[in-house]
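In what follows, a single structure is set out as structure tokens and then discussed.
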Amino acid sequence: MGILRLSHVEVRVPDIELATAYYVELVGLIEVERVDDEQGTRVFLKGWDEHQHHSLVLNQRATYGLDAVAFKVEHAADLDDLQAKIEAAGVSTSRHAAGTLAPGSGEIVRFTAPSGHVVDLEHGQFQVGNRMPKLNPPIGPEGLIGMAPPRIDHVFLMCEHINVTTDFFRDVLGFRMTEQILADDGYQLASFLERSHSTHDIAFLTGPDGGFHHVAFWVDDWNELRKSADLCAYHGVTVDAGPTRHGATRGCGLYFFDPAGNRNEMYTGGYWFDPDDEPTTWTENEIGRAIFYYQGKLNQAFMTVHS
Amino acid sequence: MGILRLSHVEVRVPDIELATAYYVELVGLIEVERVDDEQGTRVFLKGWDEHQHHSLVLNQRATYGLDAVAFKVEHAADLDDLQAKIEAAGVSTSRHAAGTLAPGSGEIVRFTAPSGHVVDLEHGQFQVGNRMPKLNPPIGPEGLIGMAPPRIDHVFLMCEHINVTTDFFRDVLGFRMTEQILADDGYQLASFLERSHSTHDIAFLTGPDGGFHHVAFWVDDWNELRKSADLCAYHGVTVDAGPTRHGATRGCGLYFFDPAGNRNEMYTGGYWFDPDDEPTTWTENEIGRAIFYYQGKLNQAFMTVHS
Amino acid sequence: MGILRLSHVEVRVPDIELATAYYVELVGLIEVERVDDEQGTRVFLKGWDEHQHHSLVLNQRATYGLDAVAFKVEHAADLDDLQAKIEAAGVSTSRHAAGTLAPGSGEIVRFTAPSGHVVDLEHGQFQVGNRMPKLNPPIGPEGLIGMAPPRIDHVFLMCEHINVTTDFFRDVLGFRMTEQILADDGYQLASFLERSHSTHDIAFLTGPDGGFHHVAFWVDDWNELRKSADLCAYHGVTVDAGPTRHGATRGCGLYFFDPAGNRNEMYTGGYWFDPDDEPTTWTENEIGRAIFYYQGKLNQAFMTVHS
Amino acid sequence: MGILRLSHVEVRVPDIELATAYYVELVGLIEVERVDDEQGTRVFLKGWDEHQHHSLVLNQRATYGLDAVAFKVEHAADLDDLQAKIEAAGVSTSRHAAGTLAPGSGEIVRFTAPSGHVVDLEHGQFQVGNRMPKLNPPIGPEGLIGMAPPRIDHVFLMCEHINVTTDFFRDVLGFRMTEQILADDGYQLASFLERSHSTHDIAFLTGPDGGFHHVAFWVDDWNELRKSADLCAYHGVTVDAGPTRHGATRGCGLYFFDPAGNRNEMYTGGYWFDPDDEPTTWTENEIGRAIFYYQGKLNQAFMTVHS
């Protein structure tokens, strides 16, 4: 009970047609719906094996960056429970009936986390299915194109006070910390938090409040990362880093940017995390290996290029 | 809250030294402890990335087969809650303090499921760690041998009345059914049940009550299945089936037998299952494809060789 | 100098449209040209990374099986040299100018080997390229479908007297034997022969003279074999065997049949063979492991289903 | 006939014990023999699946770099033929009987190429086998450690006048050029040359005469590159670049340095090259993509760090 997993993210893009083409043709997400409102067009996309209406929302805005990050809760009653806890922690919330914040949306509790990010807790997002029959299905739908990740995996954000945010996500929202990076003076530089027993549903890196580092989609193995990198190169999309492995999470990933400047990751690997497992700690002098396990040092862009 | 995942299985083996050598040298599990009691020797093993004391227990007995299957619960209070539900369903239970049923064991609620299997619900099994430091760790320990699965994945059992067992696991224990195979007359031939949002923590196939089909360990990808098959061939262990894919669960696996006759599987793949996802149904005429997706028919041994 | 590698095979198919659809849509070969002659339609196909005009020719005939197997020679002078050797061995030959036996064909020396197969030695087959520029190319063309093997790999034939055929291919045509299977009485049951330093460009298995077991196309790795098996299952093409490994050649493969009944293999792996390397020998009691390394025994179809 | 493939390289290392430990424990080569002469110790190593005595020779010297590169010829008569051609091209040669230049060596023609490198042509190097039986072998030997490449693949050297060197290797030694990189003024910046129908047995990059860029060993697939990178990280060996793909050759590779400073590559992929295939040309503005296909630009070290 409580939060089940990352549900979706909303990102800003100035050129909605270009961004949609990129996410559909290259990344290989499925476009489910688009709507126009007073601010512009919104496009709703999802991974091919997600049953829900959307895991990525593109909002047509003047710049790039993150508008909201949403988590799926298991039961409707979890919304009441979590809303009470958030309010008790001194954070104001708003409540939105199904279908009011977006087409296909479920009932939502919305608030701004101490990290400066708009966070949605949602129950009952409309299920559109994965284009496969529930009777004697094949192992995948025909006609997938691009990287074709089956689903969203995690989101990586930035904020000033990692420790405050970590406490809030752990104590109020029930997340568990799997890994952290500590400065020599003990100050938290990064923390990785999960609800799905993966290595992270959300992670925070030291930076400006409300900052957005990347959204990651799941691919099944290391070979898929090569295929993703091949596709980037083929389509002239610059690879930011990878295919490489992270020391933190042990996962493997490939970083690159959408046409608006939002960083994407294709990610695979990691490990199962039990609630009684102890978190792993990385020291500041090992931050290079924690992020880029093979290179042993950060590339120039990692700490500086974000929104 | 409630059951978190499959914790461990206890299997019988007549030749404890031979079986231990097989599970350590070929399968690549880690031997944690062995004890002698009046019935013989018990050996406690685990996957290299499991932190807990054991995920496989070998009990020295005159024959082979399953002695017990155990699930890990998240909170101590889950034991009380689940014990009450099981008793309310008319099934008698026993309660065992930590360390009494086995070295390293947590507190356990034990009962016999309608399927005829001894089931343990456990909280607080002793954590022994994964041989890696919690500070700046490498991505794996040195010196792994054999197939080296990081962890147990699922167990596949047999019973006469699949529907009764499915109802019990769903209504009393809180499992969710992800897939099922139905006979032409609507009778359930198999059901796949999960608590960990994977495709199955436990599955049941039509057969004798208390029957044991296989225990599966997780490997990271399709390449690991080839490596596992290479190791079987190298060590003269006959491959029962695979490397192949299952239509049901979409997972890929390799079947083979331990020296006592217990079937093992190395398994990878599958998909994430949300509580509000609809289960998949296979019809009897597609059972071949459900089990062996590539061959499209069962091999002779699948329904007949078990314990 | 001499024979360079396997060039192409000609197979018979009764339903030319069905077979072409299968080889284009499922196998993923490129259709280059089709011609009609008095006997019916001929379709010329090739792997996407082959530069030559064809590596598979489909001949519309009343039944299935092999019409011819062709090897590419390096120099035009090799045709003279080899023709003289073949004639000196008592085998009559015919000579065909470029473009006379087929569109795109080079100059050809044709003869019937002691195994009963029509064999072509060809120089100068027309080069059509691989659909990629010779200036700053990508790593592959866009829009590949199906299994999309880059090229043909080997052909596996049957004949009565393996030793006679092996001697002819070795002594007259300059092949080297990499592996063989011997009966208990020393009689050769199979031999593997190469010119390209791979494990085999052609192999012979005991059976009827002129028999055709399979033609194999190269794929890049074990993951491609899974993808190929997925595609077979998706399209309802029965997998004959695999994905598995062969003990002989150490290669990995997947067997299945075209709509006419000709066996195909997707193959990868193997090893580099130097002219001064010693061949490997398998004994009859290990033939199962030689062919199907994981299962350790032949499946029923392997020795009996062929043309 | 003629040159068959790259045979071996001799590199200089100051600390012979450290270098040997690195090549045996981390790279996973097999130490075959070591000898002491007046200049220091020489260690002879090979990939596990090479039958010959050595493919890498470590010469204990005061610095690092390349001492010699050797090619294997098919027939003893090829030595006479090639020696005559080299002399006719105005390059003096020396002839060395088997076993005189090194233990296990065959008969050798030695000369200095226009690129400033010592080149050996060798016939009849002693065969030591691959530690597997020639009767009913397994698919690999037991107990391999480290990256365990089966064999050497190619060598990448530097020289001032690429075009002169390319002409010499092509016209005198019979190599074929598969790819080249041209400056805007048409000057050759790099050329890739093969005898084994792979993408390159040897390549030259613009730089100082006699320069040594890297020696590459073959691994079987992209997964092996990840395993190799994992091993580098585990053992504290800095990864220079990769796992990545090259646009030129389409191969995938991982670069890193031995303790002396000699660059190594683990390499896989590429394509088959026929003698009548046209070479591929890269323009100077695409050199980044030619070398590092995903990143699209050279890393700082690529042109500047060599010996």
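For reference, chains read A, B, C and D in written order, and residue numbers begin at 1 within each chain.
By our rule, a residue touches a chain if its C-beta (ideal position, glycine included) is under 8 Å from a C-beta of that chain, and two chains touch if they have at least 3 such contacts.
Source: prediction; values computed, not measured.
Using the contact threshold fixed earlier, the set of chains in contact with both subunit A and subunit B is C, D.
Of the two chain pairs examined here, A-D and A-C, it is A-D that is joined by more C-beta pairs in contact. One inter-chain figure worth recording: subunit C and subunit D are separated by 31 Å, centre to centre, where each centre is the mean of the chain's CA atoms. Our note on geometry: subunit A versus subunit C, Cα centroid distance of 48 Å, whole angstroms.
The geometric centre of subunit A is 44 Å away from that of subunit D, both derived from CA atoms. Taken residue by residue, subunit C touches two or more other chains at 138-140, 221-223, 230, 233, 245, 247, 289, 293, whereas all remaining positions touch fewer.
Across the interface of their complex, subunit D is touched by residues 1, 4-5, 49, 51-52, 72, 74, 124, 127, 134-140, 150-151, 196-197, 220-223, 245, 247, 250, 269, 271-272, 274-283, 286, 289-290, 293 of subunit C.
Taken in their complex, subunit A has these residues touching subunit C: 138-140, 142, 221, 223, 230, 233-234.
Taken in their complex, subunit D has these residues touching subunit A: 222-223, 226, 229-230, 232-233, 238-239, 242-245, 247, 252, 289, 293-296.
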